[in-house]
């Protein structure tokens, strides 16, 4: 579904953040993009979502080139984005945040679908609460749900466990996995938390210095395995 | 007592008209980070739409339909030709819109001449209200602008488009990633802001001396209102506008207009020094 | 490297050409040009704070006008305590604007102070108000201003009450322009100028380095006010009268246009911008009148949008001082 080829992005010559990233994600897969801090993982997601207009290379979604397109167009082609730090609208209510997830999407009615609060029931009671007052875990649920109500076909998540307490992380991981399977979504996940990722992903990509240098199926990646030693430990 | 009521009504009048101009400015600033120095000229063009209607022999009320349409088109043109190119360069956006304001003012001077025009009041005659005699048309202005301001607030806080606009103001990148066409919103919002200012100009024309310099006369109080009230929110615009127009009207009625300008300016500077983020305390 | 020395040579050549102008131009043109040079000096002051320090002011004419009025008041004998010599007028024309700038600067730049846009708006409001006040103040002539301000005298002549020739006035203005140019260039190329440039590019970061940015901004603002007051004084000696239009927001806007069109980052470019725009205006405005102002407004917009460095900015930009050029 998603093909990235030779993606180059950076600030100026000589200090490129992405130096020829190439990988693909098949329909229905849940792929994890791993690597130490600063290797360019977030930048890859930003390039896919159209926030790096100066990037070069190829990014194809279902065969169509999306590199160079405006962010809103990419979103309307079915790319859902849950960025690092969540980026929820603090001053809006939970409900308004979710509405933001649908009103930009052509073809979807301007209302929060009934199934939304079934996925994260904890948000239902906080429906009219200002989103800025939610806890880290609740905000993460909100950010994910906001992406889901837009009915994406590809879901991009950047460090969903950041700032969320471990027990909630597990819960979110379970719910996410179930939802992704139910809706047959394709997922590209950037995450530092190996446990969360092990519970979800089927394939791992490892980034180093702006390139995808290795990949492995989930059963080969265990804490203490060579992959973890080589690409993740500090 | 009658004096107080008259001042109160005058203040309300000015506040509401100024509010329409200020709201447009605030939204444009919040959305695009552009300080639109041409906004006073949008007000001006609205007033001159009325002049045009009058010289064409048409009813004043047509102007209330004509002015916002004309200004929306002018707004779209300005946005497309100029704003779009400079909104990332903050200082240049100030200058670019300033140049537009000069150009628009000159167009008005060329077409209509530099001298003041007066508009026949569409609802002549006074009316008794709250124990004073007050021009009927001014009451109409207040009613009309209250409705318009109310409609604007409803638009921003109760419609999906309003939600989208507020979302883009809060976090442009995220809104775009949710599928919202931010460029289209920029353009439409700018046009709406221009139309609002134009409508304000049209409705105020009969009670003002309509001359090419009147744009600046509304732009400056509008800016001061925003600085004093707080640049972040529509509420800030409301508070600031009430403060500025209140003081202006009171000092103007009690003393002279010049004195009002000086007093308002001085007080605005003091407030900004003490509350750099304005009275409502939030910065966008 | 060759490009850089070309630009320095070009700058020098232009000054030489300006100095030699009396050889080519007739007296009428020289008189005109000398007057425009006062505007040019005014433009230098704005280019200094805007191009170098990044301070956008919509009210620079306040200082120009104060300078003009001071020179007028003194030489017309309206301030008996100070006598009526032009020199005292000049001194006052420097001191009062400087004090005003200092006060305004202290008020507005204090601490973290106002950000650029707020400052611009406040100066805009100030210009409008000062103009209105000037129109009301009868001591300085109200709407009509001060008339009959004595022109330059030629103290180097042997005959008493001799007036300088147009050539001499021109050379005087040329010398004054060159002097201001050299002084401002010196400041720009000095470490102070570098700090100002740093403030222009990122004032928060510069503050983090420990610089008191308010003090630098106030200093730059005062310097620009001195220059503007100087220009106003020189202007009024040639023009003969000082009116509220010299102090208000019309002229403040005009100088912005000259500097934007000429080139805000380069002193000489701004100077030439003033000369060019005024010369063209002098030639065209009789015939085109309001259309000229419209064209000017549009030219301003086009320049700001498409050519932020102005018409002459690129070709006249001088190389960085050796100090900043790294390994030579």
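By written order: A, B and C. Residues from 1 in each chain.
Following the convention adopted for this analysis, a contact is a pair of C-beta atoms (placed from the backbone, for glycine too) under 8 Å apart; a residue touches a chain by one contact, two chains touch by 3 or more.
None of the values given here were measured: they were computed from a predicted structure.
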Identifier of the chain whose CA centre is least distant from the whole-structure CA centre: B
Far-end chain from chain A, centres as C-alpha averages: C
Chain A and chain B: spacing of chain centres that average the CA atoms, whole Å: 43
Whole-Å gap separating chain A and chain C, where each centre is the average of the chain's CA atoms: 55
Inter-chain centre distance, chain B versus chain C - centres from mean C-alpha coordinates, in Å: 33
Contacts with 2+ other chains: residues of chain C: none
Sequence positions of chain A contacting 2 or more other chains: none
Contacting residues of chain B [partner chain C, same complex]: 35, 82, 85-86, 89-92, 94-96, 98-100, 102-103, 105-107, 109-110, 114, 216, 220, 223-224, 227, 258, 261-262, 265, 268-269, 272-273, 276
Complex contacts: residues of chain A adjacent to chain B: 49-51, 70-72, 74-76, 81, 83, 87, 89-92, 96, 99-101, 103-106, 110, 146, 150
Residues of chain C touching chain B in the complex: 54, 56, 107-108, 110, 112, 114, 116-118, 120-122, 124-126, 128-129, 132-133, 136, 249, 253, 256-257, 260, 290-291, 293-294, 296-298, 300-301, 304-306, 308
Chain B residues within the chain A interface of the complex: 160, 163-164, 166-167, 170-171, 173-183
